Amino acid sequence: MANFTKLSFKKGELNQKLADLFKGMMEKGVVDALLAPMIQPKRGVMLTLVTDPSLVGAIDPFAPVVPVNGARIASSITGKPSGRKTAMVLRSCEIRALVELCKLKQAHLDDVLLIGMDCLGRYENLDFIKLRAEGQSSEAFIEKALAGNTESGGCDVSGACKICEFPVADNVDLRLCIIGTGSDALYIESLTPKGDKALETAGLGIGEAPAGREAAVQQLVKKRKDACDAAFAQYRESTPSVDALEDRLANCINCYNCRVACPVCYCKECVFVTDTFRHNGDQYMGWADTFGTLKMPTDTIFYHLTRMSHMSLFCVGCGQCTSACPNSIDLMPMFKAVAQKTQARFDYQAGRSHEEKQPLTVFENDELVEVTGQIK
Amino acid sequence: MELCLFLGCNTPAIRPDVERAIRATMPELGVDLADAEGYVCCPAFGSFPSTDDDSYLASSGWNLSIAEAKGLDIMVQCGSCYSSLRMGRDHLAHDEEKLARVNELIELTGRKLECKTKVRHISEILYNEVGAEKISRSIKKNLSGLHGIVQYPCHTLFPSEIVGFEESPREPKALRILTEALGATVDHYSRELQCCGGAGGFSKSSPAEATEFAKTKLDAIIEETKADFIVVSCITCLMYLDNIQKKLNEVEGTDKYHIPVFDYNQLLALCMEFDPRQVASICTVPRNKVIDKIMAG
Amino acid sequence: MDFSSSDKDLWKQIYNTKDLLHCFNCSTCLSGCPASHGDPPLLVRNLARMVVYGLEEDLLNDDTPWACVSCSRCEEMCPMDVKPFEMILAIRRWQTLNDETRVPTAIVEIYKRGYTQSVGTNTELRKSLGLPELQTITKMPEMLKLYQEMLMKTPVVSENDYMFNEE
Amino acid sequence: MSEFEPKIVGFFCNWCTFTAADLAGTSRLSYPHNIKIIRMMCSGMVDPKYVIKAFLNGADGVLIGGCWPGDCHYINGNLKARRRVAMLTEILKEYGIDEKRFWLRWIAASEGTMLREVVNEMTAKLKELGPSPLNRETPGKKTPGNETPEKVNPEKVKMIG
Amino acid sequence: MAEKKPTGTVLVAGAGVSGIKAAIELAEIGYKVLLTDASPQIGGILAKLDNQFPTDHCGMCRMLPLVGREYASQYCMRKGLYHENIEILPFTELKSVEGDAGNYTIELLQKARYIDTDKCNGLGECIKVCPVEVGDEFNHGLTKRKAVYKPVPHNTPQMLLIDMAACTKCGECVKVCPTNVINLEAEDELSTRQVHAIILASGVKLYNLEEFEDAKSWAVSPDVVSSLAFERIISGSGTFDGTIKRPSDGKAAKKIAWIQCMGSRNRRQKRDYCSSICCMFALKEAVLAKEKGGDDVETTIFYMDMRTFGKDFYQYYEKAVDEHGVKLIRCRVQGVMLNPDKSLSMRYFDSETQEFFVVDYDMVVLSTGQVPYETHKKLADLLHVAINAQGLLPTDPYEKVKLIKPGMFLCGSLMGLTDLSEAISSGIAAAGQVSRFLSGIDVTLLEEEEIPEPTAKDRDEPLISIVLCKCSEKAKESSVDFNALGAGLKKLNSVGEVNIIDMVCSDEGKQTVLDLLSKSKCNRLLIGACHPFMYRKSLKNLAKKAGFSASLFEIIDLSSIVHKGFFESETKDQTRLAYNEIRAVIENLKLKPALHVETLPINPAALVVGGGIAGMHAAFSLAQRGVKVHLVEKSDTLGGYAGTKIEHTIDGLTPISMAKDLTIKVLEHKHITLYKNCEVVATQGSLGAFETKIRDLAKEENFYLNHGAAIIATGGHEGVTAEYEYGNSDQILTQAELKDGLTTGEIDVGEAETIVMIQCVGSRQKDGREYCSRICCIGAIANALTIKEKNPEARVFILYRDVMTYGFAEQYYTQARLAGIIFVSYSLENKPKVELKDGSPVITFTEPVLNSEMQLSPDYLILSTGVDAEASNRDVGKAFSLPVNGDGFFVEADSKWRPVEFLKVGLYVAGVAHSPMTLKDAILQAEAAAHKTYAYLSGRKIHTAHVISKVHHAICVKCQRCVDICPYGARSYDEVLDRIIVDGATCQACGMCGVACQNNAAEIMGFSDKQIMAVIDARLYRDPVATTAQ
């Protein structure tokens, strides 16, 4: 059943409206703190944790940029819960990652009012700053993007966003809807009792769903899906083999930025930077012996394949890995493609639900018989 | 040794050539035979044994006492006579009351029964008393080159503790060994231990089934063996297996069933060169092939 | 069928022996029984059960006991030593005792000539085979008399003497 | 010119397949030397890293041998292994490492014969497939690590007994 | 000085599973064990079985000790048993026993093998040349063997011997023997030994087709085999490589029939008992036949009663029938007839259709049972005791494993007819009885050789000392050039020295090594020798003495390089193969961390939950051995169900008075503290250091108990039902109510005409108790007999599904029939119907023999409602975090091999808490559980293993995947410390955590990624033989 609150705004006042909304929420004690993308004094937009209601003015959630996947931030705030009620405004990719982190006990949502926002994509960090400098506002982007065009000034949203089937976030208490709501209104949808209570305390009434929304969302999702299939087809075209994989990773320098940026690579310290991978001279020589040559630094492909075996089941395809690579290796398609396969094998989908158990933590006596193909 | 020959009814009445064979061969092997004058029905299981103890045991007693009077054990060829007498004796030997009662009943004959007399089957005598080896020594002709199969009389097997004399009632071998002693090759076949189907009420109450029963046996013999003949040591088996083949051929409309059937003593007699016309003359399935072969050999 | 109507002590009349009670219906007796091929089949196990239950009616009207070939195979095979053949004879006796039509004609013949068929009368044939004259009881009238006199003292014959006396 | 001899790395559970290998050995069921056995305490102990490494080091095939379901010395390690193998296969496939090169098999301690069959079967299959794309050996090249130790004069080595 | 007390020495006669288990248990607590077996090998029947239900596979290794496991064999039990405290004497017979309790002089006759197995390399050159061929008894004559042969073809090391009966003394073997260890003139050796206690475990004879008359009607074809022979046919190591072919012509067998009760339940053949094991055996084989032979294999079992009485048996039975489609026919068949096409024809009668069927099978398997008595008579004479009325050895009425003669015990099938799990429990129980007995006399335990761990040098650069034993050089196949090998290895980085010597295993050899190493500069040691598992521990101690840390030491099996088929290559260049093998080990050794065994702090007190007979027995058994016991009982009386409700049992036991005596013993014992009206709330800790929160229900307050281990013996009670109008008429009672009524006289059956009993009420069905309660059939019979005593005229009907009078209880079934009690079977699909006609029950059912509807209007209707688990089990389970199954009984570690243990070390189960069982079995389990407990609380040092998992807290993110994945619950997250904790005793180093943890914060010490990856490297250094085809 629909459970929407309409928030109309005049052109240029969207952020203001949202600021008022959260100010109110904090003052009415719905939450003690707010985590949301905020415009930074100098440049750019970053997730910011606000505990003083008077300082929520800089909020700009729809800014098309995600410098860091918010799941990591949410995890650092709630990993050891503070006990303070916090509202968090995040995007689908961040929330899906967050769901996985919860299963891995790296985050706890008990004190969190989780607010998802419709996402039309993000620009790479530097592109975004450039566009901002050129004066592009979030509202302008929304309008453009809803019209189906994200390209501007030679920049476009990241490849990951183009093929993301989840413009709308699930597993949230509240949703900030801008897709199919008309250009002058934002809708807040409540999906949980927690959400209902929040709206109620915030003194917001309850109304019907915006007429065009469902259709609009579906249409967008379809578009993204098609794009995704196309991209994969094209990608698999290009990377069918070990050789192609090696080409792709040829420039990897083992900086591990990709795993640092990855929201579901939750290890404190990657195994590849532990002693396990600190080798002796004679070992290097041994490897060189084996094939006669040895590319340095070693363990690049080893690292990426291992990382896949670790996180492909949790991968939410946010594309931060690609963004993070200093040598512009487009890792996202690799991982997302594999993730699609591995997750499908267990009929699992990262971030779909808190209830789904992570595939490698459970097992059945008489499953996957095809693996060995043996009957006693 | 001397034994009292109990002939029963079928042998003297229908297959006297078997009686002839017995009377001819046994003395040759050192077994002299005395007759049981005035003996009566064994009695057949379908008669007194099925009505009451008194009449059953009295009849057994009647017969036993004849031999006992002569101080001889009884030798029987007919399977059911053997088993009826032997069981009757068994009852009397183990139940003094019954024995006393029987003595009351047979008193009028002036005979008295102490159950000293034993009841023995002819093949047991041949097997244990005479022995295969003596038999092969005493024959002039032999069955070499001939294949046979043996038909064990159920009455000499079960229940082993009363009528049995084989080491294992489930794997009898006396008749086989005796037949091999005559130089024949005895073939094994799957239905060897299956009943001939001839006995008792069965063949009367369900003739069709009884015939079928014999058929499976004969088919197995034909299919699995090179049998030139069937050896039996029970008159019922002899008559039934011999007669049924003709009947089967009629029913089936074939002539595939023509394996001659001999009582063991008939073969023995032939090997001792007694006149076939005397010792092996009565039969439905012609025996000449086998007989000629023996005579020639 | 209601057991209250059945006679719980019937087995004592018919086959009063602990052997019968040993039976646990394992069916061993059935599988090798020649007469079980008959129509109707002789089902020893079922008979034993009927005796134990005391199903008088059914037992009395059952012909199958008379189909037994008396091979005693069941006796040999029975793992519980129930002595099924003995039981069959016992049932036959109980039937004859309670139903004169069950009296086997064979015993009349035996009464009359000592055997179920005429023995030793085929003198010619026997001669041709070189066989001696056979001293059968048929040929010894006074002996036969004694035999008959003896049989008259036994229950079934005396009970049904009319079958034997009329000429 | 010798025929291609695939290299198979076998990660064998100590309680079943490793014993079966012994058994096959002692029962003189010789099998191809292609298999390079590495003893694991349990098939569930085989980390994806190991498999990946084996392939990267030029193994043409990897065989994991575990206990039959319900039979694991460690209750259910084999079942966990099975899931992991399923996952890893998907990854390897994506990168042109044919799933026919990566086997998990249940082989009980008493099934030395079966082990031999499996190894033979796998060897044959790999010969069909040819060398793994990651097996970059240049034939004939001498490898310092590995030439047969040349005959030496006993004096050079301390000898006792 | 006072003379040293003798070391407690125990003879275990019989090395089947129960014997082996008893031996291991005693050896583990430090007694010396002589383990003899009359046959040339150990393992008993089990050596022949690759598969046991319910897992359908082996799992034999699960009976090995769990703590300090490196020192017990780490190897498959099929390869043999290696324990320093166990002296194994196969092919040895017990000839005489003299002396009295605690001091026996025994004579052992060791039969000549004609081969010195210590020196024999087991490769069987002799076998190749031996001209004599005879049937191989191991494969039941399905295969042939030579006069010189391997008793168990798949054992390593091989223990060859010569069958003198068959040997022609041609001497060929002597000529070819490379180690010349064959002496055809060898003679049996008679030796005299002193032992303090004796356990008899020689098992019973098995029914065989050759010997027994009633089998002869089946012996018509080689395709009729015994169930044990069938095991060999389907065995992977067996006759046809595990595929099912019929012996006569090797054709695939597609239709197979099993015949139950061969040689059992046969009064005529004087065997009026049930062999207990055959039904499950047949079910298992039928299932296996389908699994191995494919779905088109048809399996049929001809049976009388499907006696699936054990724990989880019934589920297995359901699975076999429902999932695998095993066909069951209730009919005993006289014999089988051979058809011309070799198929086997069987004729059976089908009661439902009242028709005969003739079916042809490819194979017929005779479920041949056990044949007691003969063995028992012989033993009884040997021990100077008289066999009891049942023809068995005279034992204590309540304690099956305790002979009436002090210091003598028995276990396994000798007790009666046992299945695997009972054999194992009895083995443990017997060991327990022995240790109880020995603790009362003046003997000591073997001193654990304590060699101080030298200070670890793993921080130094690894420098490896290599010692190679060149004895294998002598082997004919050997082409290893040790000089070359040594030189090659010497060149390797971090190899300090290479020494080549002869016969390391010999004492001189060891001394030489010791001298060498004491001088060595190296910090790691690699020894190359043969069959290392045989003397791993002695070499380890040697290394320690020489100052090498035990964990920085490796042994490599050189013989395998020389001998094993799978190392063979075209080049036959063993030197290179050896070099590569050793190099791989070196790579591993280089990276090995120095590990240390921890000595666990052990609180020598036990907690026993439940004051029933099992609980009290366990408590007393422990207290007797000086262990402090806390006995917690939730009611205010001791005795439990049996001890308060059952006056007497059919086999003459009197539980109530027995419980009274036991209660007094328990109350009086200074080591036992009793807590009535108390129940367990929660517990934490691990082996040696548990702390359990107890709730005093009376005082309504909590307190804590500290203990080193715990035994769960919470028992059970009679089941309840609403079926069959129960509760709606005072003529409808449960068996227990009837038993009470009969004893108190409240129920008078004097006038009763008809009494009907219904078995399996609410039992053995999916939506009810999915198990057999084991005691109801015997209980019903007992009651029925009492009724018959009081009123012989009464007609008693027992409506049953399968009469579960297994083992010698069969005699009660027979006895009942003799008393005129009438048994009528019904099927689950067609249960009897009960309705009330003016208050009285009327029962309608189908009589299966005559296949007709029958009706009874009894004076009493008695329901056998089975045994229910205590409801509190679930809470107790939660408190100890122990698994409880769907029926509310506790789930043991392994139904066959670890029947009284839980996966978590230090916790044990006994009695009905485990599953419904008879009083004797409950006491047996209690004894076993007590012993497992004692083994840890006896005061000897308990070390953790070297190889266990560790946590690198610095990089651990506490995602707790390791906690979830650990099969033993050895890992937990401590919120206070905010850390992952590892219970060193419980951890079995299976490595699950290591894999689950993605950055190796969880790691198996000694099995680190670094090591394994180094080995992978070594393994894949290019092998010149393998070159890519052009």
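First chain written, first letter: the chains are A, B, C, D and E, and each begins at residue 1.
Quick note on the criterion: a contact is a pair of C-beta atoms (placed from the backbone, for glycine too) under 8 Å apart; a residue touches a chain by one contact, two chains touch by 3 or more.
Given the structure is predicted, the values throughout are model-derived calculations rather than measurements.
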{"item": "Intersection of contact partners for chain B and chain C", "value": "E"}
{"item": "Which of D-E and B-E has more C-beta contact pairs", "value": "D-E"}
{"item": "Per-chain CA centroid nearest to the all-protein CA mean", "value": "E"}
{"item": "Distance from the mean Cα position of chain E to that of chain A, given in whole angstrom", "value": "54"}
{"item": "Inter-chain centre distance, chain B versus chain D - centres from mean C-alpha coordinates, in Å", "value": "73"}
{"item": "Geometric centre distance via CA averages, chain C-chain A, whole Å", "value": "96"}
{"item": "CA centroid of chain C to CA centroid of chain E, Å", "value": "57"}
{"item": "Multi-chain contact residues (two or more partners), chain A", "value": "271, 286-287, 289-290, 310, 360, 376"}
{"item": "Residues of chain E whose C-beta touches two or more other chains", "value": "56, 214, 217, 335, 965, 1009, 1013, 1017, 1020-1022"}
{"item": "Junction residues of chain C, two or more chains touched", "value": "37, 73"}
{"item": "Chain pairs that touch, as defined at the top of this document", "value": "A-D, A-E, B-C, B-E, C-E, D-E"}
{"item": "Complex interface listing, chain B residues touching chain C", "value": "7, 9-10, 12-13, 16-17, 19-20, 23, 35, 37-41, 43-52, 54-55, 58-59, 62, 80, 83, 105-106, 108-109, 154-155, 157-160, 163, 169, 195, 197, 199-203, 205-206, 208-210, 212-213, 278-279, 281"}
{"item": "Touching residues (chain side chain D, partner chain A) in the complex", "value": "48-49, 52-53, 56-58, 68-70, 76, 79-80, 82-91, 93-97, 103-106, 133-134, 136-138, 141, 143-146"}
{"item": "Residues on chain D engaged by chain E in the complex (per definition of touch)", "value": "1-7, 9, 14-16, 19, 21-31, 33-38, 40-42, 44-50, 53-54, 57-59, 67-68, 70-71, 73-77, 80, 84, 108-114, 119, 130-131, 135, 137, 139-143, 145-154, 156-161"}
{"item": "List of chain E residues in touch with chain C within their complex", "value": "214, 217, 261, 265-269, 304, 330-335, 346-349, 351, 354, 356, 753-754, 795, 797, 813-814, 817-818, 820, 822-823, 847, 849-850, 852-857"}
{"item": "Chain E-touching residues of chain B, taken from the complex the two chains share", "value": "168-171, 190-191, 194, 220, 223-224"}
